[in-house]
Structure formats: structure tokens, C-alpha cells
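Here's the structure, in C-alpha cells; my notes come after.
Labels for the chains are A, B, C, D and E, by order of writing; each one numbers its residues from 1.
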Amino acid sequence: MKVYNTKDWAQFVFLISKSDTLFKLAPLIFFMLLYSLGVAYVEIHYFKVSDESWVKNLPQMHGLLSFVISMLLVFRTNTAYDRWWEGRKLWGQLVNNSRNLAIKMAGILDPTDEENRRFFRRSIPIYAFSLKDHLQSKKTEYSLQDDHLIEENYLAASVVSDKHVPNQIAKLLFGKINALYKTGQITGDQLIVLNGEITALTDICGGCERIKNTPIPYSYSSFIKKFIMLYTLSLPIGYAYMLGYFAAPIVAFVFYVLASLELIAEEIEEPFGMDENDLPMEKMSENIQRQVEEILI
Amino acid sequence: MKVYNTKDWAQFVFLISKSDTLFKLAPLIFFMLLYSLGVAYVEIHYFKVSDESWVKNLPQMHGLLSFVISMLLVFRTNTAYDRWWEGRKLWGQLVNNSRNLAIKMAGILDPTDEENRRFFRRSIPIYAFSLKDHLQSKKTEYSLQDDHLIEENYLAASVVSDKHVPNQIAKLLFGKINALYKTGQITGDQLIVLNGEITALTDICGGCERIKNTPIPYSYSSFIKKFIMLYTLSLPIGYAYMLGYFAAPIVAFVFYVLASLELIAEEIEEPFGMDENDLPMEKMSENIQRQVEEILI
Amino acid sequence: MKVYNTKDWAQFVFLISKSDTLFKLAPLIFFMLLYSLGVAYVEIHYFKVSDESWVKNLPQMHGLLSFVISMLLVFRTNTAYDRWWEGRKLWGQLVNNSRNLAIKMAGILDPTDEENRRFFRRSIPIYAFSLKDHLQSKKTEYSLQDDHLIEENYLAASVVSDKHVPNQIAKLLFGKINALYKTGQITGDQLIVLNGEITALTDICGGCERIKNTPIPYSYSSFIKKFIMLYTLSLPIGYAYMLGYFAAPIVAFVFYVLASLELIAEEIEEPFGMDENDLPMEKMSENIQRQVEEILI
Amino acid sequence: MKVYNTKDWAQFVFLISKSDTLFKLAPLIFFMLLYSLGVAYVEIHYFKVSDESWVKNLPQMHGLLSFVISMLLVFRTNTAYDRWWEGRKLWGQLVNNSRNLAIKMAGILDPTDEENRRFFRRSIPIYAFSLKDHLQSKKTEYSLQDDHLIEENYLAASVVSDKHVPNQIAKLLFGKINALYKTGQITGDQLIVLNGEITALTDICGGCERIKNTPIPYSYSSFIKKFIMLYTLSLPIGYAYMLGYFAAPIVAFVFYVLASLELIAEEIEEPFGMDENDLPMEKMSENIQRQVEEILI
Amino acid sequence: MKVYNTKDWAQFVFLISKSDTLFKLAPLIFFMLLYSLGVAYVEIHYFKVSDESWVKNLPQMHGLLSFVISMLLVFRTNTAYDRWWEGRKLWGQLVNNSRNLAIKMAGILDPTDEENRRFFRRSIPIYAFSLKDHLQSKKTEYSLQDDHLIEENYLAASVVSDKHVPNQIAKLLFGKINALYKTGQITGDQLIVLNGEITALTDICGGCERIKNTPIPYSYSSFIKKFIMLYTLSLPIGYAYMLGYFAAPIVAFVFYVLASLELIAEEIEEPFGMDENDLPMEKMSENIQRQVEEILI
């Protein structure tokens, strides 16, 4: 995710970064410019349309449909942003849960029980890292041991990376807590108190998977793109009568605005990739690690 | 549900698939085209309306009402999408719940208790499959046994497909957990910890039934369709004066845009069918099965 | 609630049912038609306004305010629909809760304890029926006994219909569960597991009462109606110059659209009556009864 | 809160009650009328502007900004209504919680334990009354005893009205429940079952305080009012050329519409006062009292 | 946060305070005025464009895009306000939680246990103060002791300000409650009853961090600013033909309106700073302190 100062206007207005829609749409905008010039040329030199021509009233239709198109784009923008913000919320919950689980285990576990403290100090942040890799479809092996030399096999046996990794770590975590309960190191009341945090992990994972795997319905995605193209391609036909060659930059600008909104929405709606607008999951996982280690000394 | 690459514009713009609204609306659009040509012909050749004619100001009204119609369509689009997304969320919760229940039972059940492990490994995914069939009104018999030869009657007795199948599986699941609690294999604290997952199953089922059985109020559905038809049918009367025969493609295009939005909304608002935009419940159920089997070895 | 096929357009467009706004607004639309004709007649024959008249620019104002009026109507539509959908959700929760309570009691109660099973089999659906009657202000006596001959007085004593009936049934339900807990037939852990379902009943009842008793603020209701009337009544004054007698059907159509939206919103916002768009509470209560009886054999 | 029949149109359209925005805005509307007449007089008689004057195109700008202003007003309307509806929901929850607490205590307390029954029968409704007075900044003393003669001092000692009264009553309630738990009259499981209701009281109180103490940000409130004034004050300058003295009623009407929306939003956004649109907290508290007394006999 | 009377219109309309967008945008508005005058001068004196010029139809485009720009600004306004309101809700929850925790501890702790009462009386408000400082990136040391002379080292050891301070205080709180549970001063049932309040603290902290650290996606922020600048910079080109030098104040006014909305959104979306619209966290923390001290005497 790009870090930026929201209040520095110059940066936004004059800088055209690589992630800018102006940069990405440049070829299409250039095509629109040429196309409009062509339409204007044909209309002015071949048809020589007079003021009485019926075609000159075409912009009437574009006015009529301008509400529909802008409302559709706002619908698109809203849903894309909602998905992005929901993804952000889910990762925020992951941070909160990890910390709460660490705070609770720090209080519940015996201060001298270094082994179990190390287990949770390692495994809680690993859930975040594994979820990140799972959402970005990377396969990694995670070690729950500080000392890699000992018990290496223990992990290999329990977290196999060709299965659903976050599930397995959640299982390991609940299994450990249940085992501590069975051996009396955690009382029944404490088990109930820990329940919310354990359950939340898988809920968060499922929420992220839902956002990642379900784009907005194909029908909308297809219809909006078709509508934008038909709308802007028919725009110069009427505008060339009113504006002459000036129609070209205007059509290009209208196209830039409409297509930008669709383009940004496409980038935003799946926040787990590695685009500039995507969530900084790596950094958030490191934050979880640092804070859990601070708490579970 | 159609899987697609959101960033491939060409596919959306030039391809007219069978599920496209352009394809479905073709006859009506063609009718609109003919109707507008007819209106234009009559106005131009019979009435020979001059520029002074009052009728030429009719588009004024269409401009006035264009806000109302686009806002209504956005209202329609929003509610349809919300229902679709809520349906998706409910199935996401089903995935999460199934996994959490499996993770918890994997920890709680004795590692050697193969019988009970097999029961949950089978019955949790069966809930998803039965919910899918219930929403699609299919009647199926589900076997909770790996070995079909033994105890076939046990199932036949407990899950009868002419009753509400998901309810019966939920009852079987809670009954089993309660029985394990009574025999001491699950402690009281563990019962409380499992409560959320068991309760959620029926809540999810009810949520899906609500979306399936309650379309938006008849009044809105009826009014929007009436409004679109009256709006587009009166459009060529005024436009023929301004645009001549050009009015025909324009009216057809306006009709295509307005009717498409209504058509897509109709498809989206009931996400449990077998249309292209509907939820991939079969695949999700298989996912649940695979993951539960991974967890509850 | 009217059951209908969302995909049958002909039905919506050509059929004018009794619940249609066109039917209900007919007298007012007819009045608007006459009024506009009168205004046009006066302007054309008495004032003989020329093209230079200032009044002909009046539609300018209607254009300016058309955004405000359509946005207000969408606000009205959204809030009315939200209330209707919330009412539907509350009844959906009632279905879910009733089933969950039945599923849990079926597991918890001893299979031979026919008396208590009968109590819950009867009293859970009765809550739904009594809530329906309470929302529709009917007063009914409910019997919790299969055998009406025995213990008739028991009910008469405990559920008196001049008090708040749903409250009393909720009290009876919790009282019974608490009594079972005190006599050891329900353990403490099971009591906690049942808590959510019992509490939800009164929450659902309160949610429905809130929707029923609180219409949108008087100020909005009054302002929107005033605005629509002033807007449409001033419409023909300017339109008669532009459109002559054609102004009449146009004004009538604009009025039909604006008033319909207000009218539908009024019908929808209170979903517990017996209008065509209202919730099928009778059917839902019967569903609860059938399913609870299926579960709690 | 004004009780009204939503379906009686005549009442809304022709009646101008004291709470009507038309009544409240009358002086400002009258000023706008005079101001516009003045502007029109100056333009027509002094400047004698011809059709070529540039100023006559000013309405172009008002058209351009009409979307912005109507969208801002809808944003204002939506947030105000959301706050009002949230306030209503919080009081609805208070009703539900009070009833649920009463239902649970009725079941839990020994039928012969008249003293504790009386305590809850009195103190639950008093929480509602005290919250109402707290939100309306009244200071009152509440008695938790039926018999005022005895133990008057007990209350005086525990509920001092110069402290935060609802907090003290919540403390008294939890203290009593905790005491009953310590003496064994409430078991631990019942304590857990009662937890939700006790916690909710303070959450509801805090929610109401939040709505009461936090108006929408000063920047928006200030900007919207500035925008409306600048917009309507500049309106007659351009309109006088187009509409002559007719501009005056039109400007006044536009001002009436825009200012009404802002005015209603102001009234609605703080629902705990004693305006006509505010919540009937007195009546709701009495309802709570009556129902709690019905339940906790 | 600025405290103000929402109903005093004069204050809003005529007063231009330092926080006003008019004040902040003054230099840019002045630049726009000069720029538009320049464009008008060039067009009128050099190009001497006639009425036939194509350029005069440019405003057509601005009309077309005015919907898009106003909808984008409303999207911006809505998301900014939602963030501000969510921040306010989180702090409202903090107030509620602190009070509920105090009310519960007041009931649970032995009335004579002055030491533990003092601990909670001090540490609960300190969480609020530390969260405020954490969000404003101040580093402070907090003392949990009334008597600073004794046990000063105890705090220094446990709350180190270069770590995440709220986490440490939450850990201290849970640690103390868990210790009381282990020594039997809090029963298991009471521990469960306290769980919600303890968990909520870290959830609130995480929610605030999320709002603070995640501005709306860079793409939107950049696109909206670019769009506003291109839109207003091209506005005088077409307007100078229609309005002459009058175009200058009009363009300046349009720019003022559009840029104000963006500017206010920027201020509102991060509610934890020290601007005039930001939340009064200092005051709220003091409120928490006063109320907790009132409750936990």
C-alpha cells in the first residue's frame, strides 16, 4: 500500500506516477483522441452537416444517460471500496485477536512455563504470516520452534504445506489449548474466556477467502464495461457537430474519467494482491509478531 | 458462477455471451427499434410537424424524469446486490463454521475415537450438501456412514427426505454432541465452547431461506417495470422531431441500458439458483468436505 | 404478501391489479389531468402569452429542483424498504430461534419425557402466533395443552390476553427452563447454551414493535407530500407555454411517478399489516409449527 | 413525538402546523421574496439588460451546482435520520432488556421472595426514567422502595442526583445480583445468563450520550448553511433576466425547499429533546414500568 | 472538537472562522479568479470569438461530468464521515466498557479491599489516556499508584513507554483479574462475566489504529484531486464566451464548493488528531476518570 500525505495537493495533481490511471489508460485515451478526430474529420469534410441535421441532437441522449452511467459508477465504486474496507477490517481483527490471545495466555500460563509461552509466542504470528501467504497463494513451511535444530520433524509432521495451512495452524492452536485444559493448566472458565479468540481466527480467514474468491457478479462487470465503451464511442458523433475538432480532447477526457473509475474499482475490490493499493499484509504480520513478542515475554 | 478475469476488457466489450443481457433482450430491443422507426415515419410523413409543434418539447419531460428512473434503478441494483452478497456471506459463514466445528472436535475427541471422528467428518459436510439441495428444492438421501453396508437403516430412520432435511441433520449433530456431554466425553465447558457453531448452522439455513423466499415487494417490482416501459415507449414521440430516423437506434440503446439493469437485478437477487451469476454452492460444499476431512483425520 | 414470478414482464406491465398504485391514484391523476388542461386553456386563450413571456422559463426551476425531489424520494424508498427488510429479518430470526430451541430441547430432554416435550412443541409455535396477533392487535387465548379438557384453567391463569401476551409466553418458557434447571433435568452448562434462544424471543418482539410504532418523523412525511404537490401543481404553468394541451398527460404522468413512490413507501414501511406487500406472518407461524413438530417428536 | 396517520394526504398538504418548516422559515422566505423583487427591479429598470448581456447565463452555474447541493442535502438527511433511528433503536433495546431482565428474575427468584421481587420491579423501570432525565438534563431523586416511609435514607445514600444517576442505578442492580450470587440465591450459571442484560444497560446509556453530545462535524454544518445562502442569494441575479418579477416566488420556493431539508435535519439529529419529532421517552419508560410490573408480580 | 449551537444560522453564514474552508482555500480561490480573468481577457480581446465558435459548446461537457464529480464528492464525504463516526463510536464503547468494568468490579471486589479497588480505579482511566496519547503518538509514563513515592519502580518495570503502551496496560488489567481468579477472590463465573469488557479494550484500540493508519486508497485520493483541478481549470475556457468577465467569480465559486468538500473530507477522515473537528479524546478520558472514581469508591 502506498503511504502518502493526504494534504499535499501538488503531489496528486501534477505527479503522474506509474500507478496512476492516466498512465495505465494512456494508450486507450490516445486511441479515443484519434478516433474522435477521425469522426470529426469525416463529419465536417464529407457529410458537411448543416445546423438542421438531426444528428446534432444526439448529445441529448448522452445527457439522458449521464445519470445512469454516473450512478452505476458510484455503485461500482461503493462496492469495491466496501470490499477493500472489509478486508482491512478483517486484518484489523486479526491484529486485535492475536494481541488479545497473547494478553490472555500471558496471564493464564505459569510465568515459569517457558515452553508453552514460546509455543504461543511463535504460533500466533505464524497464523498471520500463513494467512498472508495463503491469500497470495504462496506455499511456505513454518517452524513453530525457536530452535530449528531440535524437533524439526514435529512441525513437518503437523503443518504440511500442500494442505490448507491456516486451518492446520488453527487446529494446532486449539489442540494445544484443549490439551492444557485436559491437563488442568487451563481451567474450564478460562477455556470459555479463550473461545472467542480461537474461533475468530478461522472466521477471519474465511472472510478474506470470500472477498478474494468472489468478484462482483459477471453481469455487472460486463455490463458496465460495455456501457462505457458504447457511450464514449458514440459521443464524438454528436459532439463533432457542436464542437468540431475540439470534440476530440473532450471525448478523451470523458473517457478518462469514466474508465478511471472502473479501473480503480477493479484494483481496489481485491485487496490481497501486491498492487500499490493493496493491504500491507507483510507489515501487519510483522507488527503482530513484534507486539505478541512484547506481550508474551 | 462464471469465473472470469476482471481485468480483460476486450472479453467484456466485444464478446456477447449467452448470459449477456444484450442476447436476452435482443427481441425486445428489435421491437423497440421497429416501433421507433414507425413512430418517426408517421410523424415525418403524415403529421409533417414543424419546428413550432408543441410535441417537440416532450423530451423536456424525459429529462425531468431521468433522475427518478436512474435512482430507482440504482435502488434496485443496490438491493439486488446486497441480497446476493448476503447470500455469499451466509455460505462463507457456513464454511467457517464447518471448519471451526471440525477443528474443535479434532481437539476435543479422543485421538483413538475413530467412530465419533468419522461421524463428524461425514455429517458436517453433509449439512452443506443438504442445504444446497434444500435451496434448490432437490430431495436426496444422505448417508452418515462410511460403510454403507452396515447400519444403513440407522440413517433411513433418522433423515427422512420428505421432512426439512437440514433441520434433521442439525438435530442429529446437536443430539450427538449432547450425548457425548452426557456420557462425559465432552465436558460442560467444552459444550459451551461448541454452542456457537451448532447454533449458527440453523441461523445460516434460515438466512438463505429468507433470501430465497422473499423477493423485493411486488409494488416496487411492478412499478419499476411499468415505469421503464412507459418511459421508453413515449421516448420516440418527442425524439422523432429532433432526431428523425436516428431516434430509433437511440431509443433502442436507452431501452437496452434501462432494461439490462432491471434484468441483471432479477438474476442477482436470488443467488441460490443455477444461473451463471448464482453462487457455486456445489463447489463450496466440496471445499467444506475436503477441508473437514483434512482437519478431522 | 403477493407471491409472483419476478421474470414475467407482461404481468407487470399490462396488468393493473387492485393493489397497483395506478389504480389507487386514479382519481388524483384524473384531477391533475383536468387541472393541467384548465391551466393550458387559460394561458392559451386568455393570456395569449407570446414567446417573450417570462413565464415560459418556469421549467428552469423544475429542472433545478428535480434532483432534490428525486433524491428525497429515493431516501424515502430506501428507509421504507429498510424497515420492511428489517421486519422480514426479525421474523426470519424468529423461525431460526424457534428451530434452534426445538433442536436443543429435543437433544436435552429425556426421550421418554413426553410431558415436557409436549410443552415445548406447543409453546414455541404459540410464541410466533401470539406475536403475529399482538402486532395486528388481535386478542386471542392460546392453549399450551394438547388435551384441552385437562388443565384448561392452568393456561387461563397464566396467559391472560389483556396483558402483553408475548411477554407472558416468554416468561412461561423461561420459567419452565429454569424449573428444569432447578430440578436437575437441565445442567448449568445446558442452561447457558439455551440462553441465546430465550433472550432472542423478546428482542425480536421488541424489534417488531419498534418498526410498527415508529413511522418516519412527521416532518419528513409532511415535507415530502407538500413538496410533491407544490411541484406538480406549478408544473403546468410553465409547460402549457411549451407543450400546449400536451402538458396535461405529461403533468399527469410526472405526478403518477412521484406520488407512486411515496404511496409504495407508505405501504412498505409498516410490514405487519394485512396489505398485499405485508409479511406473510400467518404462513411463517404455521411453518414454525410444522417444523417444531417435526423436530420435537 | 407527533402521532399521525401516514395515509392522510390532505392533512400533510393543506395543514400548516406550528412545527411545519413553512411556519418556521416564514420570515426568511419573506425576506427572500423582497430581496428577489429588489434585484429584479434594479436589473429591469436601472440596468435594462438586453438579451445579449452575459449575466443572463448565470443560471448555467446554478444548474451545474444543483447536483452538489442536492447530494449534500441528502447526505445531511441520511446522517440525521440515521442518528434518530439509532436513538430509537437504543430505546427499543432498553425496552427489550428491561423485559428480558424481568422475565429472567421472575423465573430465578423464589416466588415467595417478595423483597427482591419488589427491588427489581422498582429499579428496572427507574433506570429508564433516570436515563430520560439524564438525557434531558433534569435532576431527580428516585425511590427504589414501594414504602416511602421506610428506608428513605437508604436511597438517599446510594443514589445521589449530583452524580451520574444511570451509572449509580446500574451499579445498584449489578451489586444486588452479585450479592444474590454470593449468598447462593443465584447460581453461577444464572449469573452468566444475566450478564448480557446487565451489561447492555450501560451500553445503551453510552450510545444515547454519544448521539446527544456529538453533532455532525462543525465543518459540514457550517459549509452546508453557507452554500445554501450563497446559492439562493445569487439565484435572482440570473433569474430576473429570464423570469422578471416571477423570479421572486421561484427563488423563495427554492429557498424554502433547501432550507427546510437543513432545518428538519437539525431537528431530527438530536432525538432526545422535547421537540415534536423527538422520541416519546416518557411514554416508553411508562411502558417499561407497566410491562415489568406485569411480569414481575 | 468545536462545540457549537446547530441552530444559530447567522454564526455559520456570516462568520468566517480560521477553520473555515473559505479561509484555508483563500489563496487558491484567488488564483482561480485571476486565472479565469486572464482566460476571459485572452478570449475576448485576442480571439474575439463569435457566437459560431465551437468552443462555446464546451460547457456541455461540464454539464455531462457534473454528475460524476458530485457523486464522487458524495462518496468521499460519506466514507470520511463514516470513519469519523466509527472513531466516535469506538471511543463511546471505551466509555461504556470502562464504566461496565468499574460497575462489575465495584460489585465483585470486597468492600474493604481498598488495594484492589484503587488498582482498578486508577488503571481503567489510564487505559483511555494512554490510548489517546498512543493515537497522537505521544510518549508518557503512567503511574498506577495513588502514592507516587511508594512502588514507583513497580510501574517503571511494567509499563515501559517505548513499547506499545495500551497493550501493556491491557495485559496488566487481565493479569490482575486472572490473579484474583487464581486466588479465589473472583469466581470462575465472574471471570466469564468480566471477559467481554477485558477483550473489548484491545478491540477498541485496534479499531482506532485501523482508522488512523489507513487513509482511503491512494488511487481515489489522487483521482478526485486531479479531476477537480482539470474540471475547474477547463471551466473558464467555455464560460468566458457565455459570461465574459463574470465567468471569474463563478469559476471561483464552483472551485470553492468542490475543493471545500474534498478539504473537509480530509480533515474528518482521521478523527484522532488535534484539529477543530477531531474527537475530544482528552475530555472523554477525563469523563471516564471522573465516572470510574464515582463508581469505584
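FYI, a residue touches a chain if its C-beta (ideal position, glycine included) is under 8 Å from a C-beta of that chain, and two chains touch if they have at least 3 such contacts.
Just so it is clear, the model here is predicted, and its values are computed rather than measured.
Counting only chains that touch, the fewest steps needed to get from subunit C to subunit E is 2. For the pair subunit B and subunit C, the fraction of shared interface numbers is less than half, so the two copies use mostly different residues to meet.
Summary of the copy comparison: rotating subunit A onto subunit E for the best CA superposition needs 70 degrees, to the nearest 5. Distance between chain centres (mean CA atoms), subunit A to subunit B: 23 Å. The centroid of the Cα atoms in subunit A and the matching centroid in subunit C are 37 Å apart. Subunit B has residues 63, 67, 71, 74, 188-189, 192 in contact with two or more other chains. A ring topology is adopted by the chain contact network, closed into one cycle in which each chain touches exactly two others.
Contact ring, oriented from subunit C toward subunit D: the chain order is C, D, E, A, B. Residues of subunit D touching subunit C in their complex: 1-2, 4, 6-7, 9, 12-13, 17, 19-22, 59, 62-63, 66-67, 70-71, 73-74, 77-78, 81, 84, 88-89, 92-93, 95-96, 99-100, 103-104, 106-108, 187-190, 192-193, 196-197, 239, 242-246, 250, 253-254, 257-258, 260-261, 264, 267-268, 276-277, 291, 294-295. Touching subunit D in their complex are the following residues of subunit C: 54-55, 57-58, 60-61, 63-65, 67-68, 71-72, 74-75, 79, 163-164, 167-168, 170-171, 174-175, 177-179, 181, 188-189, 191-192, 195, 199, 202-203, 205-207, 209-210, 214-223, 225-227, 229-230, 234, 266, 269-270.
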